[in-house]
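Multiple structures follow.
In what follows, chain A forms one complex with chain B and a second complex with chain C.
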Partner chain A sequence: MSTRRIGWATVFLAVPLIAYVAAVVGPGLYSFYYSLTDWNAVGGTATFIGLKHYRDMAGDEHFWLALKNTAIWTAVAVVVPTVVGLALALGLAQVQRMQRLIKSLFFLPLALSLVVVGQVWFWIFRPEDGLLNLVLGHVGLGSWQHSWLSDPSVAFWSVLVAWCWQQVALAMVVFLAGLTGVQQELVEACKVDGANARQRLWHVIIPALRPAFAVVVSLSMINALKSFDIVYVMTEGGPFRKTETLALLVYRTAFKTYDFGYASAVSVVLFLITLVTIGLFFAWTNREDHQNA
Partner chain B sequence: MPETAVLTRGPAGEESSADEGRHHDGAGRGGRAGRRGRGERSGRAFAIVLLLIFGIGFLTPVIGVVLTSFKSNPEIAAHGLWTPSGDLTTDNYLKAWSDGNARTYLLNSFLVTVPATVISVVLGSLVGYVVAKLRPKGSGLITLFFVAGLFVPPQILLIPLFKLFNVNGLYDTLWPMIIVHGGYGISLCTLVMRNFFRSVPDELREAGLIDGAGEPRILASVILPVARPALAALATLQFTFIWNDFLYPLVFTRSDEVRTVMVGILSLQGQFSVAYGTQAAMAVLASLPTMAVFIAFQKHFIAGITSGAVKG
Partner chain C sequence: MIHESTRRWSRVAGFAALAVFAPLALAGCGSGGGGADGKTVSMAHYFSDALGAKAFKSITTLCTQQTGRTIKNSPIQHEAFKDSILVQLAGGNPPDVYSYWAGAKTQYLVDQKRMAPLDDFWAKNDLDKSIPQSLSKASAEYNGQKYLLPFDYHYVGVFYNPKVMAKAGVTTMPKTWDELMAAAAKLKAAGITPFALGSKNQWPAQFWFDYLLLRTAGPDYRQKLMAGQAKYTDPQVKTAFSMWKELFDKGYFNKSPNGIDWPDAADMVSKGQAAMTLNGTWVTGYWDDNKVPAVQGYDMFPFPEVTPGVPQAALGPVDGWALSTAAPNKAAADDLLKCLSGPEAQRDMALAQGALAPNKNADLTSQNEVMHKAAKEVQTASTFVFNYDLATPPEMSEPGLNMIQKFVDDPSKLDGDLQEAQSAADGAFKKN
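And then the complex of A and B:
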């Protein structure tokens, strides 16, 4: 009986295993190997050169810039959607009439691809006839107008705004789902006990949303670390690489200059950063959970 | 949200009484509002107005692209992208469809998205079922192995896959996207389906065994019918992800005939660099399938996001 169960388990696992190894595990391991070679042309050969690329990376200003950009990008892309998404979810939970319709409208950005999001925001940020500059001109803030995507001092933040716009919707969805799990009786009881809205929020609702917070933070973190589409569509990393993330650096190094070995090394670093960041976050939430338990 | 409840707690129905209680609570809210202080009610009205204003601002980008898609290109050239216009036209859609290859791009996207969605959901369900219900030794490690893919940035896969597809002649076809999404999606599908199957009572499978059914038979005719809401959630999610993907088709294709619609949007930008109306029409066309799926399966979509992310 039991051997038959194990037999079927093996059968069921066989095809997924092959597909997963072919698409994910194998290529991942190959990237580790390529990062140790000098492969730098489409038909070229890969000769083993050890850790040279990693040493080169330490002295590569483009790498450090992309790393810094990725770090700031990730920090903002976690904090802003979490805060704004929570506020919106708390607001939306109050809506009683036409709730479905209103919720659907707020969720809409989630179904949009980053290419379309990037394109729309590209139009908003156009210097001559973009919406943002038009509005600023109309309300008398003409001096605030910028070439939002080509001015090196603001381009990074402009792209980040577009990114956060979509991530807010994601955070809001998760928080709203979490809010339906907050026991209404408990909130009502606090009200009876004379707790005001702010006390209820801090001492009842937010603690009850812990799992939702964990989901929002880990999702936004993973998404932010691999951000590529929106940057590519809006600026291609420019001006002067001010908006280049690690993900974009991998793409550019591999498929514009065909330095596959070095690009592999950068992709390995990106992978390790992702692993460590997420690992630390999970370890931290687990410890908190144990302390609270 | 009942679907989330199904996903996380399963069909056993243990929690149904709690859910019902919540519904009653919702219905009773109107009655209690009378007892609430006037300050609270005006506070709520204020919050709703604020929300509306914010909502309109939030949706401006979406509204803008839809309006632009109905404006004629000469008018946009004369008055700018964001100036409202009285004359609306469908020319942009016709142009995107005929000159802009929208038909080819959309067809390619379907040819990639549908099989890749099916493959990833089927394969992920198999793994999820094995680790949740058959539980061979090392199930924990097997789960970790398959779910770890969630933390692998796609960039680390690009270069070896690019080489692989070049060597075996699949570069510049639709196959790379089907294969990679089918395999990469297993991680999320395994996680969601494992969480779901864990909530299915073991008795269901045992009853099947007693009736003399084999494992494949039990999976197909006992377990999968119960799993329908979870499968719908997952399929909705995967469809959206794969349809919206841009990186793989960017790297693994080159010719216009095999472009998916997301890469097509960009090529249209290069081709008709000032025809904003046409570009907007293309963006709307590219978004329609996910919008349709999203509106039809909204509850599933949200359940998928929330449950897929919840670590079990």
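And then the complex of A and C:
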């Protein structure tokens, strides 16, 4: 690249780079600095206390519960939207009549904000007059009725179901787009060679969808690791913090108990977990790409 | 290869950083300050619902006329206000005047030097003549100085459906704990849930603990507990919770209180599914808005006496106004505060919100009889105290409310819950 081109590239990159540094890198570094202090934000002073917050975290049961919830959430996020979204996309690709209408219906959750999704599912899960309990009662499954969002044994899973409902739509859209890129000649050739539907799916379609898988899994992981809004709307982390994720722990610690230093430390840990998780995933997909090249 | 690897890792780091820090960065954004043009004064508050909007439509007009200033009115949703005001204060860009909850929350901001003293303003406007000393002492004074201008307050009592009570044969309202238990037994026998509770958002459950502790151990002991000088494992605390547990054991509460909110509990009472709910006078605003007639549709009695001889404290929150230490235009802010302390503004607020007015000259004769009854209870009470989440510091109220919600979910684990609350208190009060 010529010096002149590099110069222009630098000019064009400067604006997004400055915005990125100001909005992401700067606050990130500040967060790390404040994680080493007892900063409460409102008072204005921040005394350096070294790694105390990180040591406290090791003995904080709420941190470990939030970490466990975030880990489960991420694991579910990788599996459920991917599998269900793929199945729906493959099914919809076969639909011949009213395809646009049916696709639109499945896309619908994606058009809603997570706050709206949370509120809708909050009503579905209400204990006395919620849709789910009413339906269960009508079909003779009254014994399955629960207080879905206040029973600590099911509340976390209830929130996760609501989140997956929207995430599946996202995965489906990406897979549908990916399916348009699968060479039909290749699929037909396999058919002629005697490959059955399962073999065509496993050996031709799924490998061709590799980029779509990478997008779906990485987006699901990121969305899972930062899951906050839907939990806040549906349970606020309750009952008694049983549905709290790391992102919600950061919020609660900062804004409810004014311990911004500790909240910064948790956000740094969340950043590192996100970095390592996504890094490992990209390293794996990169290795697979090289092996298949 | 190095380039590819570097690019990949910077992309990974970018993804991760965006996921985690972008929301924190955005949290730093906030607007405040009215400006130093000498004419504009900014006012932020949490009276953002329909009732608050109704009140502030007239209050803003009134104060604009009275002060001759341009008022920048910024209502913020109640829960969001708790966060946004901290962000604005931390960012050094707060509104000139902001609403706040009297008690430990105000104490915290006073200690952090985010509220300016109002002693001169108080004296200049002779507020001792219009605001009862008991109320100003409890809600306005911190560290020996006045920092909060009381604007409205609420009383927590037992609100009930008179028709449902009569249907179950309860015609005289309970004055003692035994009478309350007898009434609950009658209601239960008639197939009516005696008490409705909606504690999804935790705080509505606190009033049961507040009153049972106040009525058995007394206000002085409770104040010690709120200040970290008594323990959650003390027999006094256990007695209060055990009495509450008895109500759960007898099936006197609705199913799954943690699954519904306080308006749901209020609906249960107005629809006759439950007989009583322990809540604040704001519930009258909710019922009035839903066309439930006062006295015929709902009424109120004070939480009964439990241990004879223990002072009968009244419980509730006080909303007030604070002057920011960073207010660029203190003269304009003083003018606005003067208007907000006046009988007209406090009348408009109380009438719209279903609240009581600290200014004794506010004309509340048009309020319904239930509100008059509530006002009388406060006047005759031995003392006025704040509810739990305003009486104890935020570092403790958060785990404390959590413990109360846990108890509501499974009262049989009371001992473990109290131990947990005490270990939270050990940490919270060590910091202070």
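Following the convention adopted for this analysis, the second predicted complex is superposed on the first by the 276 of 293 C-alpha atoms of A that agree within 3 Å, B and C clash if a C-alpha of one lies under 4 Å from a C-alpha of the other, contacts with A are read in each partner's own complex, and residues count from 1 in each chain.
Note that a contact is a pair of C-beta atoms (placed from the backbone, for glycine too) under 8 Å apart; a residue touches a chain by one contact, two chains touch by 3 or more.
Remember, it's a predicted structure, so these values are computed and weren't measured experimentally.
**Q** Could you say whether A:S267 touches chain B, chain C, both of them, or neither, answering first, second, both or neither?
**A** After superposition on chain A, A:S267 lies in contact with both partners, chain B and chain C.
**Q** Which partner does A:F255 contact after superposing on A: first (chain B), second (chain C), both, neither?
**A** Both chain B and chain C are touched by A:F255.
**Q** Is A:F240 touching anything from chain B or chain C once the two structures are fitted on A? First, second, both or neither.
**A** second
**Q** Touching A:S147 in the superposition: chain B (first), chain C (second), both, neither?
**A** second
**Q** Name the contact category of A:L275: first (chain B only), second (chain C only), both, or neither.
**A** In the superposition, A:L275 contacts both chain B and chain C.
**Q** Name the contact category of A:P127: first (chain B only), second (chain C only), both, or neither.
**A** So A:P127 only meets chain C here.
**Q** According to the stated criteria, A:S31 is in contact with first (chain B), second (chain C), both, or neither; which is it?
**A** Both: A:S31 reaches chain B and chain C.
**Q** Going by the contact rule stated at the top, is it chain B or chain C that touches a larger number of residues on chain A?
**A** B
**Q** What is the shared patch of chain A, the residues that chain B and chain C both contact?
**A** Looking at chain A, the two contact sets intersect at 20, 23-24, 26-28, 31, 42, 126, 128, 218, 222, 225-226, 228, 247, 250, 255, 267, 270-271, 274-275, 278, 282.
**Q** Chain A touches which residues of chain B in the complex?
**A** 1, 4, 22, 25, 29-30, 43-44, 47-48, 50-51, 54-55, 58-62, 64-65, 68, 80-83, 119, 123-124, 126-127, 129-130, 134, 136, 142, 146, 149-164, 166, 179-180, 182-184, 186-187, 190, 214-216, 219, 240, 243-247, 250-251, 262, 265-266, 269, 276, 279, 283, 286-287, 290-291, 293-295, 298, 301-303, 305-306, 309-311
**Q** Can you tell me which positions in chain A touch chain C when the two form their complex?
**A** Those in contact with chain C are residues 20, 23-28, 31, 40-44, 126-128, 147-152, 218, 222, 225-226, 228, 236, 238-241, 247, 250, 252, 255-259, 267, 270-271, 274-275, 278-279, 282, 286.
**Q** Going by the contact rule set out above, which residues of chain A touch chain B in the complex?
**A** By the definition above, chain A touches chain B via 4-6, 8-10, 12-13, 15-16, 19-20, 22-24, 26-28, 30-31, 34, 42, 88, 91-92, 94-96, 102, 104-117, 119-121, 123-124, 126, 128-131, 134, 165, 168, 170, 173-174, 177-178, 180, 184-185, 197, 211, 214-215, 218-219, 222, 225-226, 228-229, 232-233, 246-247, 250-251, 254-255, 260, 263-264, 267-268, 270-271, 274-275, 278, 282.
**Q** Help me check something: in the complex, which residues belonging to chain C touch chain A?
**A** 8-9, 11-25, 28, 82-83, 86-87, 89-90, 108-109, 111-114, 200-202, 254-260, 264, 394-395, 398, 402-403, 405-406, 409
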